[in-house]
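I have a structure I would like to understand better, so I am pasting it below and will then ask my questions one at a time.
Labels run A, B, C and D following the written order; every chain starts at residue 1.
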Amino acid sequence: MNLTLLILLPLLTAVLILLAKGLQQIRVIGLIGALAQLGLAGWLLKRFLDQRAAGNTAAHLFESNQTWFKALNINYHIGIDGISLAMILLTSVIVIAGILVSWSMDKLSKEYFFLLVLLSMGAYGFFISLDLFTLFFFLEVAVIPKFLLIGIWGSGDKTKSAMKLALMLMGGSALVMVGLFGIYYNTHTFDMVQITQQGIPVGVQKFFFPFAFLGFGVFAALFPFHTWVPDGHASAPTAASMFLAGISMKLGGYGCLRIAALMPDAAHTYSWIIILLATIAIIYGAFATMMQTDLKYINAYSSISHCGFVILGIGMLNKTSLNGAVIQMVSHGLMTALFFAAIGMIYSRTHTRMVAQLGGLLKAMPFISTVFVIAGLCSLGLPGFSGFVAEMTVFMGSWQNPEGAYRIATILSGASIVVTAVYILRATGRAIMGPISNEHALLSDATWNEKLAAVLLITGILIIGLAPFLINHLIIPSTDAIVLQMGKVNLLK
Amino acid sequence: MSNYLYILWIPLLPLATFVLLGLFGRKYLSGIAGIIGTASLLTSTILSFVAAKQYFFVDGKVNGVFQKIVALKYTWLEFSPNVSIDLGIIVDPISVMMLVVVTSVSLMVHVFSLGYMKGEERFATYYAFLSLFTFSMLGLILSANIFQVYMFWELVGVSSFLLISYYFNKPSAVAASKKAFIVTRFADLGFLIGILILGFYGGTLDIGLLIERFTSVHSTQFLSITSASFLGASMLTWGLVLVFMGGAGKSAMFPLHIWLPDAMEGPTPVSALIHAATMVVAGVYLVARMFPVFSMDESALNIVTYVGAASALFAAVIACTQTDIKRVLAYSTMSQIGYMMFALGISKNGGENGLGYMASMFHLFTHAFFKSLLFLGAGSVIHMVHSNEMKDMGGLRKLMPITHIAFLIACLAIAGIPPFAGFFSKEEILTAAFHENKIVYGIALFTAALTSFYMFRLYFNIFWSKEAPVAAHGHDDNGHESHGEGPWVMKLPLLILAACAVGVGFIPFSQFVTSDGAALETHVDVVFSIAPVVLSVLAILLATSFYKNQNGKSDKVAAAFGGFYTAAYKKFYVDEVYIFITKKIIFPFIGQPIAWADKNIVDGFMQLLAKTTSKISELIKGLQSGKVQNYAMYFFGGVAVLSILFIHIWK
Amino acid sequence: MTYNIFIQLRQELVLTVLIFVLLFIKLGKDRSNESILNFINVALLINLAAGFCCQETGELFNGMFTTNALIVFEKDLLNLAILIISMQSYAWLKENKNVIEFYLLTLTSLLGMFFMISSGNLLMFYLGLEMSTIPLAAAANFDLTKRKSSEAAMKLILSSAFSSAILLLGISFLYGTSGTLTFSILTAHINGNPLQMFAFILLISGFAFKISAVPFHLWTADVYEGAPVAVTSFLSVISKGAVLFTLVNLLYKVFTPIASTWYLVLIVLAAATILIGNLFAIRQDNFKRFLAFSSIAQVGFILIGISGSSQIGSASLVYFILIYIFSNLAAFGVVSVVSALTGKENISDFKGFYKTNPMLSWVLTIALFSLAGVPPTAGFFGKLFLMMAGAAKGNYALITFAALNMVISFYYYLRVVKAVFMDENATPIDKLQVPNVSKMAMYICVAGIIVTGFASVVYDYIYSISIGL
Amino acid sequence: MQEIPLSQILFVSTALFFIGMYGLFTRRNLITMLMSIELMLNSVNINFVAFNKYLFPDNLDGLFFTLFIITIAAAEAAVAIAIIINLYRSHHSIDVEDATEMKY
């Protein structure tokens, strides 16, 4: 099984899109490509589970390692473990959904779909790479498409948002770069596997961990580097918002996880800072959301709050919390994508995202409203949806740290679920329920492609929410490996 | 012991109904949705009766003690070895008892709704939600794992939310649903943290194991949790109190009760099911479920006791002043649940001292029937007059005889007049209170009197006081007939429930449901029961003289009470306090500052960076003066600086 | 061994021959510009090919002229650049009546650079330098009628004369302290006494002037703006590249004894250059001026790479120059076509450019991204490797500083992209008829930008032939 | 007669160099500026010759260098004057202050 296919397939799709003529061809090609990606990811999953079942306990499967820049000892080293596989599956699902919701994008459609596909390619490459250089490479590959997508097809103050997003993300990756150099010159390799084996001197870790972690933190909307999130998401076209929140922010979380795994000592040293920032992000994001009046801003800020859980899980540095972080990444990816999809559908019909101007949509567009409500319920962590599983796992993990301060952090983060309930229900109560205005009463419900996209994402959410043991089965071995290698395994007494 | 796995079908059938109706109901099945829902629930009901028979009369008892049987245990989400959420089915007296209660009441409501909700646009959706609720409630009852309880706890909450906001285009209904969900959510936070504490020290989330570990005084878990303390209270106390907080939220105990009266915005059958019979007693059930652990911690039990007692009295007082009949019923519910709570609080675990526990469960059992009867009765009244206000009613006894009779029976039952159901259960509670705690006994007694008073105030205001109003006749805006009491599907449940309200009291409850499973001998002491009965009768007579036919007496009395009356009428301003905290404190002092800070400080800092950069570049542009001579000078300056710098460094 | 000289001097000889041929064409009866240009482009192609024919390491004229694989490769790069430039300026030269003069000047200057790169002796170096500078000054004035053009030429000739005076002073002191002009002997006499240090700093200043490092950069923007686009691109790519090659050669081979000092000099220059270049680039509206400052910032990054003073450093430099040729010339190519066909040279004129000229817009965008160092373009690799080389010294404060400056530079490159793609414009530049030759040149550049990065063979080859400290 | 020490000659050349620089910085007439640059170059010439004669008399590197400097200076001057003439055509002045169109 050659993982490079995951990069080549989107590349091929992109090229074909460039050659295609007319919206119809383009979107069909895009959809086929996306389906192929999903198929590939699914097949990968099957192969992965088979191998594990066959007793292959290697940390990374389907590894392949080619020398790239011999002089600099840079290798093209790819391979996946459970975590990356989960991320890959997430990406493939969101890509399909994204292409489906932008089915009728007639403005510069060729470029639009081209960039979408390019973005997905970046994500895949990022998740499969085991070499810090390629990791960094793909991290930045994903930035430019975002800039163009937001700047060209966005709404509102789009160029400003696009610029802000691009610059802050570049700033983040600049920090990452410095961190990577530090690692490189103290281990003479970029290869994560090798680095894990030979370890990094503690002093070096302590010096370079902040660079790398904060750098990725910017991508993961870590407080106080989250300010690109609201504007970026709000200005982006629907599919781009879905990709941003669903995939790109996960690049950050994933990167933080890997960095923490590479520099365990530093991670332990700084964990209190990480947890502090995460807790602030959770609470602060939640309260900031409560004050928003624009649906997209509501979801953007809530994303900050939810991604805080990812960071919190990582910061707590034990098996359960790391599981929680990973599940939360997947869950939040699906959930927020669904949310943005619903908001996009509403916006494309009512041409407003202001909660105050909406109302009673449940009457005019029951399907979309139901989707919206489901996304909302998932976001406030209702059992049966993925959000519950993820958040509870994070809580459970965090609670395992007996230190009082960590307890308080956990309780505070827990308190955010109440605030979440408040803002979700306010938005739902105003926009979906209540009396409907006359001009909205006649609007049409979702079309087949929108329905398909929503159903796809909801299925994902339900699979995790109803059968969490499946995803656990996938990721727990990997997190175990990480935790063992970090030399700190916390279990309940 | 034999296999109880078929119990699995009892919750699963409603779930299936929910999925079916939820997906296709709206389009294809809107006609027969009600039939489908009722049919599937009927099956569950039968199954649960079968289960009850099997458990209580066939093989539940092993040498005189009812066993806890875990019929199913499936690891659903594993946090870490031996700490996991297991989906399980526990079969023991209370769970079986609750099975019967929930299924049968729910069945009644399903049947009643066939008539009551007829012609609604979202008829199928209604039944879908109803099934969802039933499923969640059953799941909650059967939970063998405390986290499983939490999950279904949340699901119950959300289905209640959905049902309250069923009339979604009515802003008041939406507001009420929001309130209900958020308040309970707040309580659930406590529940969650309680779970985390217990789970952390107990090393498991399985209720059976938790009880086992925390009840044996020498187990390491018990020692660790009691030795660890925070703010002077042991972690056990904290855990239990927080768990109870969750229960208090769902069961609308003071001060978390504010959502219950508003929840009456939902369709009346829903109120009958959720907000009278089943969901609101979940809190009581939870405490009962964890009771052995509670019994290990005196202070936690005291809190339960006094919160319960306070709520009972508080609600009863308010109930005397309300004019919306459903609100009166809501407060009476709250008051009755208060009864159950403090009954648990004063109880001990096992043996004679377990009387309170038994009584509480008994009252829960009886209350379910007569309270749902009251609500359904109120339902058919409202269905007829299209109003919740007492002033729009009166003299309906001729127009709706069956309802009248049923309602009267229910009132007598709740007032605790022998031989109606309420009498027996209340009697047990009072006995227990009398033995354990005189103060609580006093409160209980007084509350009992108040109960009879406001119930009959309600009764007379609806069915007597003035002559049959003409306004009630004719067509309502929905266009369907409102002559008489509606179709038989609405009468039948009333009759059945009325029968129960009379009959269930005679069940020798103490034989079946006790704290330790062993049968308990109870004796109805005639001398003891004189006091409460007499009091109740007096209260009824008072109500009669006030309200049987309109005379100013009641107003005079109200005037006499003056400020206290208005305070009670305004529900003692608890809502206002909450609104003050949220609207006046949290929003302006936490939310808005943060939103502002995010825009101006955090983001402002980033903006500032950009601005400074461009500002600097603006400032230094003079460097590029365009004069070639300056360029040469800068050149020479550069040379000079470098030479000074590096010849110096070189030194 | 007599024909050896021809092999070692082959690139210079081909160039010289070409120059003389052009002279004769000039004397002969005048031909159509098209034919001349086609002939020249073919000739330049041959010239480029000549570099690859056969490798020969050695030195001539007792050490005055040295050559080796690296030097040959560097000259090939310059040849490639001149070829691309000449193809791109097709549209501009087609109408011009002094085509041949243009080539005479530029090619002579190129020849001078070749000698400078190969020089093994300060005298030779000086001759090469001047031979490359003076024609450029004339070429800067090539638009005889334009005010700006002559102003630019004036600024260039005066300041470069001044700088060469400074440079010469330095050389004279070096000579005074060591008594020799030959590099190989000079190294032994470098002991870093104050006068020698002073001499060295004067020398470095001369170089810094040529590569326009702050604070010796001030002529750059004006000259770039005033000179014709073709000359500007020549200045920005070729002369800069040549001088940098020479600089590395000098620093790594000759001034090794005072390496610790020149490392400090370099990082000071680098920091200043990056910062000032960025700060000025933010504000520019004239495209050539903008590119001038951006190229100044680029030099800063290059200096960081050189300061690494390792084989990676020099290799990364050559690698970066290769990529820089592609990226910068792609950008200049678009600008030159636009300015030749419409006379517009401002960024604000490019608003809504994408609507009318998608192809050119993409070329421009890719070029700018490559300059900004964004993957998957080659610029990413080039810049990253330079930074890596710099980081080898463990000076992470500088690296962080440079990394954050990359963000600033990112801003102004994106500004152009924003103008091209996102800004609304009532009267965008209308659809342009790009000559095929220029198109070809752009395609070459884009191909280079995309391929060079991934093709690690290129880097590995450069690494194998390049020198370390 | 006793010969002049190197230091004095170097003093003269340095003085010459800075005089030239001063002229370049202050004079506004382009031709004059060009002449001052020539002064600087000549001071360098003096350096070379002096070093050659006093320190390394055995080979003639310095002298040759001087010759080349002179030649190139001439070429430079030629081009420069051509440019200045062209500047005069367009600006009708050879005042350096008038040719400051491009700035910032």
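Basically, a residue touches a chain if its C-beta (ideal position, glycine included) is under 8 Å from a C-beta of that chain, and two chains touch if they have at least 3 such contacts.
Note that this is a predicted model, so its numbers are computed, not measured.
Asks: Comparing centres built from CA atoms, which chain ends up most distant from subunit C?
Replies: Taking each chain's C-alpha mean as its centre, the farthest from subunit C is B.
Asks: What is the identifier of the chain with the smallest separation between its Cα mean and the overall Cα mean?
Replies: Measuring from the global C-alpha mean, the nearest chain centre belongs to A.
Asks: With contacts counted as defined, which of the two, A-B or A-C, has more C-beta pairs across the interface?
Replies: The comparison resolves to A-B.
Asks: Just curious, how far off is subunit B from subunit A if you go by their C-alpha centres, in Å?
Replies: For subunit A versus subunit B, the centre distance works out to 37 Å.
Asks: Could you state the distance in Å from the CA-based centre of subunit A to that of subunit D?
Replies: The mean C-alpha positions of subunit A and subunit D differ by 66 Å.
Asks: Taking the mean of the C-alpha atoms as each chain's centre, how many Å separate subunit A from subunit C?
Replies: Each chain's C-alpha centroid was found; their separation is 43 Å.
Asks: For subunit B and subunit D, what's the span in angstrom between their mean Cα positions?
Replies: 98
Asks: At least two partner chains per residue is the criterion; list those residues in subunit D.
Replies: Expected reply: 24, 33, 96, 99-104.
Asks: Considering subunit C alone, which of its residues make contact with at least two other chains?
Replies: 154-155, 158, 162, 221-222, 283, 411
Asks: List, in ascending order, every residue of subunit A touching at least 2 other chains.
Replies: Each of 167 in subunit A touches at least two other chains.
Asks: Return all touching chain pairs.
Replies: A-B, A-C, B-C, B-D, C-D
Asks: Under the stated contact criterion, what part of subunit B meets subunit A in this complex?
Replies: 26, 75-83, 85, 147, 150-152, 154-155, 158, 161, 165, 168-169, 171, 174-175, 177-178, 181-182, 185-186, 189, 192-193, 196, 199-201, 203, 224, 587, 590-592, 594-595, 598, 602-603, 605-606, 610
Asks: Along subunit A, where are the residues that touch subunit C in the complex?
Replies: 68-72, 74, 137-138, 140-141, 143-144, 147-148, 151-152, 158-159, 162-163, 166-167, 170-171, 174-175, 177-178, 181-182, 184-185, 211
Asks: Would you mind writing out the residues of subunit D in touch with subunit B in their complex?
Replies: Residues 21, 24-26, 28, 33, 96-97, 99-104.
Asks: Over in the complex, which subunit B residues touch subunit D? Could you list them?
Replies: Contact set of subunit B toward subunit D: 621-622, 624-629, 632-633, 636.
Asks: Mind pulling up the subunit D residues that touch subunit C in the complex?
Replies: Against subunit C, the touching part of subunit D is residues 17, 20, 24, 30, 33-34, 37, 40-41, 43-44, 47-48, 51, 55-56, 61-62, 64-65, 68-69, 72, 75-76, 79-80, 82-84, 86-87, 89-91, 96, 99-104.
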